[in-house]
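To keep things clear, I will list the structure first and then write my remarks on it.
Going by the order they are written in, the chains are A, B and C; count residues from 1 in each one.
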Amino acid sequence: MKAHTEYLLFHTKKRRELVHLTPTLEEILAKAGIAEGFMLVSAMHITAGVFVNDDEPGLHEDIWKWLEHLAPFKEGYAHHRTGEDNGDAHLKSMLVHHEVIVPVTNGRLDLGTWQRVFYAEFDGQRDKRVIVKTLGE
Amino acid sequence: MKAHTEYLLFHTKKRRELVHLTPTLEEILAKAGIAEGFMLVSAMHITAGVFVNDDEPGLHEDIWKWLEHLAPFKEGYAHHRTGEDNGDAHLKSMLVHHEVIVPVTNGRLDLGTWQRVFYAEFDGQRDKRVIVKTLGE
Amino acid sequence: MKAHTEYLLFHTKKRRELVHLTPTLEEILAKAGIAEGFMLVSAMHITAGVFVNDDEPGLHEDIWKWLEHLAPFKEGYAHHRTGEDNGDAHLKSMLVHHEVIVPVTNGRLDLGTWQRVFYAEFDGQRDKRVIVKTLGE
């Protein structure tokens, strides 16, 4: 069994941003030299997420509007008693989920035709990390 | 370490449909010959999901009503500028999540008494795939 | 490859409750003797969840309020025709998701600074189980 671990660093310019990870993940897999396995892609923060969907700008607009509707940025979260103003980012992270497992087959990310992996930043403009850990052989 | 990979094909009669996968997954596990490991069950599309819950028709009614409430089929999604009309299906996929990991112990799917695995089709009536990848020994 | 499996038992005093699992998971990892791998933490019930977020009481208040808003406890779920009154608990479980994968690196849970693992009970006051399965070497 082989294990390969890398950490990606993000420091987004905007507070809320999507970053397309698939090309980076393909490079990591090439380095890992794993033909059959699972690649875990997991945000190491509680105000960010990782998800798989389409790389289509219109859809990304819809996703942001939808997340804002279901987990709005607003005053009044109990979490804000700590001095933070990012209660919405925690809830958005729960909704989107913070991790995905990408299957690896024959040395490639075994994704469907339109599946792409995204990092979703909900409280950026500061250093954030994603762990990419591949297990297999 | 062993890896076993299969692809399930779906072509649902209705646009939105749940397909119970547990018996199929048990057959796959028997073929895989893996006693201890993880089975990834992951939709290869961005308008479908995979989830674990109860095989109870009333609950399934509730799930559809709830998904429709939180991610409604409607006009006006920005994604529809591409000519598609399935913006809701992408959001439903994000809400339900597109994959689960089922633990494998002593050669069996290690699910709780009422846990069953479902494929959730949100934009069917066409060919769709699910990858079932088991890793272990 | 090594596999280590444990089952945690919960019997919460309240119907809805969060249980912080991280210290227990660290103890399990020490027993597992796995340095590199994945730890699956998965509820074995369809009315419970497992998630990663902040151990901050205000945030937990926000999470409960938010879950109640998006998947309310109420009469009228079709699932209640079975005699149950926990339709909301099934939907909350789908929203939160029932499992997480925690990466294991150098013999430690490879979590971010503020990431903690929680069991979310949505229909407690009875025996419930969580499987903790670690795979690696």
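Throughout what follows, a contact is a pair of C-beta atoms (placed from the backbone, for glycine too) under 8 Å apart; a residue touches a chain by one contact, two chains touch by 3 or more.
Treat the numbers as computed from the prediction; the structure is a model and nothing was measured.
**Student:** Report the topology of the inter-chain touch graph, choosing from line, ring, star, complete and other.
**Tutor:** complete
**Student:** Give me the rotation angle that lays the C-alpha atoms of chain A onto its copy chain C, rounded to the nearest 5 degrees.
**Tutor:** 120
**Student:** Could you work out how far the Cα centre of chain B sits from that of chain C, in whole Å?
**Tutor:** 20
**Student:** At least two other chains touched by the same residue of chain A: list those residues.
**Tutor:** 1, 38, 70, 95, 97, 101, 135
**Student:** Which bits of chain B are touching chain A when the two form their complex?
**Tutor:** 1, 3, 5, 38, 40, 42-46, 70-71, 77-82, 87, 90-91, 93-95, 97-99, 101, 129, 131, 133, 135
**Student:** How about chain C: which of its residues touch chain A in the complex?
**Tutor:** Against chain A, chain C makes touches at 1, 36-38, 51-54, 56-59, 61-63, 65-66, 70, 95-97, 100-101, 103, 105, 110-115, 135-137.
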